[in-house]
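Labels run A, B, C, D and E following the written order; every chain starts at residue 1.
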Amino acid sequence: KVAVAANFQAAFAELAAHYDGELTPTYGSSGLLYAHIVQGRPFDVFLSADRARPQALVDQGRAYGTFVYAQGRLVLLVNAGSPGPAWLTAQRRVALANPATAPYGRAANETLQALDAAPRRVLGMNVAQAFHFAARGAVDGAFVALAQTLAQQTPAQRYWVVPDDLYAPIEQVAVAIRGGNEDAAGALLAYLASADAQARIQAAGYR
Amino acid sequence: MRRRASKQRVTASVPAGADVLEAAWVTALLALATTAILLVLAPPLAWWIARTRSKWRAPVEALTALPLVLPPTVMGFYLLIAMARSGPLGGLADAIFGAPLAFTFAGLVLGSMIYSLPFVTGPLTSAFRGTDAQLLEAAASLGTAPMPRFLRLVLPLHRKALVAAAVLGFAHTVGEFGIVLMIGGNIPGETRVLSIALFDRVETLDYAGAHAIAGGLLAFSLLVLTFTYRWLRP
Amino acid sequence: MQLRVRGEVVRGSFALRADLDLALEGVAALVGASGAGKSTWLRLVAGFEPDAPALVEVDGERWQAPRQRAMPAHARSVSTVFQEPRLFPHLNARRNLEFAVHAGKREGTRLAFDEVVAALDLAPLLALYPHQLSGGQRQRVALGRALLAPAKLWLFDEPMSALDAQSRREIAPYLHGLCQRHAVPIVYVSHSLPEVLAVADQVLLAADGQVALVDSVSAFSTSFAEPLSGDDPGAVIHCRFQAFDARYRLSELAFGDAKLYVPGDLSAAGPEIALFIPARDVSLSTSSVHHVSILNRVDGEIEALRERGDSVLARVRCDADQGEAECLLARITHRSVDELGLAAGVRVQALIKSVAVRTGDV
Amino acid sequence: MQLRVRGEVVRGSFALRADLDLALEGVAALVGASGAGKSTWLRLVAGFEPDAPALVEVDGERWQAPRQRAMPAHARSVSTVFQEPRLFPHLNARRNLEFAVHAGKREGTRLAFDEVVAALDLAPLLALYPHQLSGGQRQRVALGRALLAPAKLWLFDEPMSALDAQSRREIAPYLHGLCQRHAVPIVYVSHSLPEVLAVADQVLLAADGQVALVDSVSAFSTSFAEPLSGDDPGAVIHCRFQAFDARYRLSELAFGDAKLYVPGDLSAAGPEIALFIPARDVSLSTSSVHHVSILNRVDGEIEALRERGDSVLARVRCDADQGEAECLLARITHRSVDELGLAAGVRVQALIKSVAVRTGDV
Amino acid sequence: MRRRASKQRVTASVPAGADVLEAAWVTALLALATTAILLVLAPPLAWWIARTRSKWRAPVEALTALPLVLPPTVMGFYLLIAMARSGPLGGLADAIFGAPLAFTFAGLVLGSMIYSLPFVTGPLTSAFRGTDAQLLEAAASLGTAPMPRFLRLVLPLHRKALVAAAVLGFAHTVGEFGIVLMIGGNIPGETRVLSIALFDRVETLDYAGAHAIAGGLLAFSLLVLTFTYRWLRP
C-alpha cells in the first residue's frame, strides 16, 4: 500500500504499470497523507512531495529509509509574451503555490528573490491550483512543475525552465513505514532507485 | 462494498468510468445513510430548540451551528484525530468493533452527520417555530401526550419542511468534501466518494474528466431535486 | 363530580380569582361579559395554565396546586371545545375526528364514532379539509372531535356560536342527553344569559375578576341582578310533567297547582322539567282575561318593581307555591304600571306567551 | 351603490350561483343556514375567488369577469371582516389597527382612528397582543381594523358572533350610523333571521346554492317561507314616528291609523322606522282585552294559518292599510286555534307584547 | 483594503499573529457582506418559491439547492473559469471595472453568495411555507398590495426565521473554504480569510497555531451565536 503525493500521480501510474508486483496507491496531498500516517492508517511506503514530512515521520520513529526518489523542476508558464526573467515585471500577475505549504511555492519564492522580481502574486494551495489559475487565464502566468507542462503537452515556447541554481532543490522523499509490509516496501524503494524507474521519472519531468 | 476493486492493478492516470460509478454508489449510500440518521435525530433536537424555555436553548442551538464556522478540512482534521485509534471515538470503536472509525464508511457517516446537522436542524427549527400553539393545546386537550403529539401532529404538519430539510442535508452530504477527504482516506469502494473523484481529476488537470463528472452530478441532482420539490406544491 | 377550583390566574394586568367547591352535575353554564375571564377559567381547569398559583381538584384527585408540578393537560380527563375550532389543517374532518379517537389512553367516557357523526350531522363533511368547511361546519367538527376524546368532564367554550338556530336546536338536546346518559358534566360557556338559563342546571358567573357559583338558578334569574347587562332577563321555573295532549300537541306541566301548556311532547324530558320564561314574554293583567290565544295564566302577587332601561321589570311571586317560592319576571312599560296601578302587593295574573324548555333551545 | 354579481363559484362538490343586480343602500343582510355559501359570496365580492367564472361590477366598475384577469382584492375598495378575527399575531391591537390606516392608497371612506377606538371601546385593549385578548375582544379589534381601512363597501361576516348582548347593542347602532353618514353600504352576514330582520334594509338569501335578493323584507318576513328553518319568524312593519312621551319614556309610532308604543326615545331614528315584531310575541284575541299590560293592540283579519312544528303561525292582515298591505305573524297553539275558532277571515285583535326597533338590537 | 500587503515579500514559514487578525478582519467583512446581500436577495426568492404555483417553482428551487451538490472546490473551479478575464462574469467585470472578478474581494463575495444561498433560502422557504394564508387575505382586504404585504406582514411575521437564516449564512461563509481557496488566491488583506490561514497551519504541521485559531474561532462563534440565538426565545 503506497501513499503517493498527488503531484506524482501521473508518473507513479506509469511506474506502476511496469512494476512487477501488486501496488495499491492512494493519492492525496502530502499533508493529508502525512496526517493519515500519523493517525495510524496502514501504509507501507510514503512517496511525499517534500522532505519535511517524511523527515518528521522518521524523527517520530514511524518511518525509516529516507530516499530522494525524484527532484521536481520548476517552470514559469505564461499565457502571453516570452517566458523568462524579463517577463516577471511588476505588472504581471503570477500564480504560485503557497510558499508556506508547498515545495514548488517555496522554490518559486526563492526564484523571485534571486531574480529580485516583484510581480503581483496569487497563491494557490498547490502547484495544481497554480497551474489552472494560469490555464484559465485568471493570471498572466504561473510557477508550476515541469511534470505538469509535459503531461499537459504545453508548447515549449510557453514556459521557461527555471535554472536549478535559482532555488534549493525540490526533493521528493520516499520512506518506508514501520509496521507495514516491510519486504514489499523495500522492493518498491529498490525499484524506484533502479535505472529503469529513474529514466521514467526523468521523462515525466523530474530529475 | 466491492473491496476487491481496490486490490486491482492501477492502470494509467485517471480512474476509469467504473471508478466513477463506484464512487457514485458510495456517495449515494453515504448521503442516504447520513440523511436517514439525521432525519431521526434532527427533528426532536429542532423541536426542543424551537419550543424549550430552558436557558440551555441558545447555547445548544449555537452548538449545532458550530460545525459551520470551521472549514470542513479543519473539522475533518479534528475528527480524524478523534476517530483515529489513539482518539476518543476511534479508541472506543476500536475497543468494541476492533477497528477505529477513521478510514471507514461508518466514520464517514459519523463525520458527515456532524457536519450536515445544521443544514437539517436549521430549516426544521425555523419551520417548527411557526407551529400554531393552539393546535398543540387542542391535541393535548384530546389526551395526546407530548411524544405522540410530536409524532402525530407536529411532524405531519411540517412534512414539507421535513422534505426540504432532508433534501438540503442529502445534497450537502453529496457535495461534502473536506471531511470526507480527511477522515475517509479515498479508499475506492468504501470511502471514495464522487466529490473526491471529481477533485482528483481537477488536481491531476484532467479537466475533461472533471467536467464530465460535475456535469453528470449537476444534471442528475437537478432532476432529482426538481422531482422531489414537486411534492412541495403550495 | 366534585370540582374544587381555588386561586388565581394572572395574565398581565388581568387577574382572575376562582373560589369554587361544587358538585357538578348536568350542565353548568359559565356566563359573563366578554373579557370577564370565562375562557381563562376553562384553561385553568383543562390544564393550560400550569403555572397559575391555583388549586384544581376533581373528585378528590389533585390536578394542580400552588408550588407543585401541575398534571399536564393531556392526562386530565377533560375534553375542551375551544372558542376557535382549532382543527388540524392537514387532516380532513374524518381524520380530525379519528385523531381524538386514538388520542390517548386516559380514563373517561368514549363515545362511538358513528353516533357522534350522526348526531352532529357530520357525515357529509368527513372528506373535507378544514379550509373547505364553512365556519359553522368547522365548529361542528370541533365539537365532534372533543366529544370523541375520552373525558369525565366536558368544557365547551361557546361551542355553537357559529351555528344557525336550527342546528343549535338539534344539537343542544343531544348534548344534554349525553351528559345525563354518561354522567359526564358539561361546563358550557356563553355570553348570553337567556340562552344558558334555558339549559343550565347550575350557573357559574364570571364578573369583576371572580368566578363564583350562583346559588339558585331560579332565584338568580329573578333577582334583578344585571350580571350581563343588556341581556333579556327571565325566570327559571321547575315543573312536573303531567300529560301530553296529542290532539293539540301540547304538554301539560304542573307548577304547584297551576298548569302550564307547552307545545311539543315532553314526556321523554323526565318528570322534572325546568322552563325558562323570558320577561319580555310575560304580560300582567289585573283582571281575568278571555278570548286570547295566551294559554298560560298564572296568578300571583307583585313582589317588586325595578326600572330597567326604558321599561320596568316586575317580579311576581306565584301563588302556586311549592315550598320554594317560584317567581316570574315580566317586562312592562311605565305606562302600564300607571294605567293598571301596579305596585308591590298588587295581585295580578301573569300571561305567559311563550315558554322555552330547558333541553330545547340552547 | 350599484352592485352586480353574476355567475358561479365552484368549490369541490359545492357550487354557489349568484344572480344579483341591486342598489345597495344601508344594511343588506345576507342570511342563510350554515354552509349555504354566505362566506363564499363575500369572498367573491372581496376578490378572494379570482378564478371564479363570475361577473362582479360595482358602480359600473368591472372588478371581475369570466376569462379576464380579476382586479386583486387589495385594489377593490371593499373592507372585509372575516368570520375569524385574523389579527396579525406579531402586532398589538394598536398596531393591528394602524396597519389598516397605512394599508394602501385605494379610494374609500376613511374613519378617524380615535372615533373607531371610542365607538368600539378599544382603548383598554390597544397595548395587548392578539393572544392576550379574549374571543370577543379579538372580534372587536378585527371589526375596528376593517373599519379603519379605506372602503366604499363593508362586508361583515358575523362580526359580532362572539360579543355579548350589551356590546352588540352598543355597536349595532354605531355601524348603522356609519353606514348612513358615510353612505357606505354594509353587507352583513348572519345565520339568524330575526337578528337581521331587525336591522336590514335589504335581505339577501343564500339557499340551495343560490344567492338572491329578497324582494320585500316585509313580505318575505311574513311569507311563511322557511329559509332558516328553526328560526323564530316575525314581521317587519314600517311606521312613522309621532311623538315621545317623556313621562312613560314611550315613543308613539303610527302605523296606518293604528298606533304602536315602543319604550325609548326614537325621535332620532328618523321619520320612517322599521320594526321587527317576532311571531312569538304576538297573541291574538277575538274580543277586546282590558286591564292587561300589553299596550299594543292592532286590529286585523287572519289571512292564513300555517302549522309550524308543534304550534301554528297566523298571518294577520292589519286594517291599518297604507297602500302596501302590512301583515303580522303570530305564533299560537293548536288549542288556541280551536278554542278561539281561528281561521282565515276571522277578525282578531293582535296583542303585541314587544317590539324591536331596527337600529337597535342587532 | 490594505492592498499594499499583497505587494510585500512573502516570507517563507507561517504567517504571524497579525496575519491572523487581518484574516479575521477579511473574514468578518466577507461574511457580513455576503449575509447582507443574501438578506436582500434571498427573502423574495424564498417567498416566491414558497407561494408560487408556477411550474417553474420546482426547477428554480432545485437550482438554488444545486450549489450544495458540487464540492466547494469544484464549484470554485467553475466560478474561477467564469470570473477569469476570459469568462463571462470576469469579462463583464473587466469591461466595466477594468479588472476581472477573480482574486478580488468582490469576486469572493459573489462566490460566497452563490454557495451560501441555499443555506439562507432553505430555512426561509420552510418558514414561509407555513405562513397563514388567512392573514395575507386579511392584509389584502385592508388594501395592502403584494409588495407592502411582503415587507410589512410576511417579513415581520418571520423575523425569527430571518435571524436564523442570516446566522446560518454568516456562519457558513465564515467556514467556507473551497471556493475562497479557488477564486480568492490567498492574497493577504484582501482575500486571505481565516479558514485559509487555519488550513495553512494544518498543512505546515503547525498544529499549535491551528489549534489556537480553531479554538479562538470556535469560542468566539459560540459566544456570538449564543448571544444571537437568545433573541429567538419562543
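Quick notes
Quick note on the criterion: a residue touches a chain if its C-beta (ideal position, glycine included) is under 8 Å from a C-beta of that chain, and two chains touch if they have at least 3 such contacts.
Everything numeric here is computed off the predicted structure, so don't read it as measured data.
The minimum number of touch steps linking subunit C to subunit E comes to 2.
Listed by label, the chains that touch subunit D and also subunit E number zero. Separation between the centroids of subunit B and subunit E, computed from CA atoms only, is 20 Å. Per-chain CA centroids place subunit A at a distance of 91 Å from subunit D.
Centroids of subunit B and subunit D (each the mean of its C-alpha atoms) stand 61 Å apart.
Averaged Cα coordinates give subunit A a centre that lies 34 Å from the centre of subunit E. Contacts with at least two other chains are made by residues 77, 202 of subunit B.
Residue positions of subunit D touching 2 or more other chains: 84.
Counting only residues that touch two or more partner chains, subunit A has 35, 132. Across the whole structure, chains are in contact as follows: A-B, A-E, B-C, B-E, C-D, D-E. Residue ranges on subunit E touching subunit B, taken from their complex, read 50-53, 57-59, 61-63, 65-74, 77-78, 118-119, 122-127, 129-131, 158, 160-161, 164-165, 167-168, 171-172, 174-178, 195-196, 198-199, 202, 210, 214, 217-218, 221-222, 225-230, 232-234.
By the touch criterion stated above, subunit E contacts subunit A in their complex at residues 6-7, 9-10, 12-15, 77, 80-81, 83-87, 90, 100, 102-103, 181-182, 185-187, 199-200, 202-205. Every residue of subunit C that touches subunit B in the complex is listed here, in rising order: 46-48, 72-75, 77-80, 82, 84, 86-91, 99-100, 103-106, 108, 145-146, 149-151.
Subunit C makes touch with subunit D in their complex at residues 11-12, 33-39, 83-84, 128, 132-137, 140, 157-158, 161-169, 191-192, 228-232, 245, 247-250, 261, 263-265, 280-281, 283-287, 289-295, 309-311, 330-336, 338, 340, 342, 351, 353-354. Contact residues of subunit A toward subunit E in the complex are 29, 31, 34-35, 52-53, 56, 93, 95, 98-101, 106, 109, 113, 118, 120-125, 129, 132-133, 136-139.
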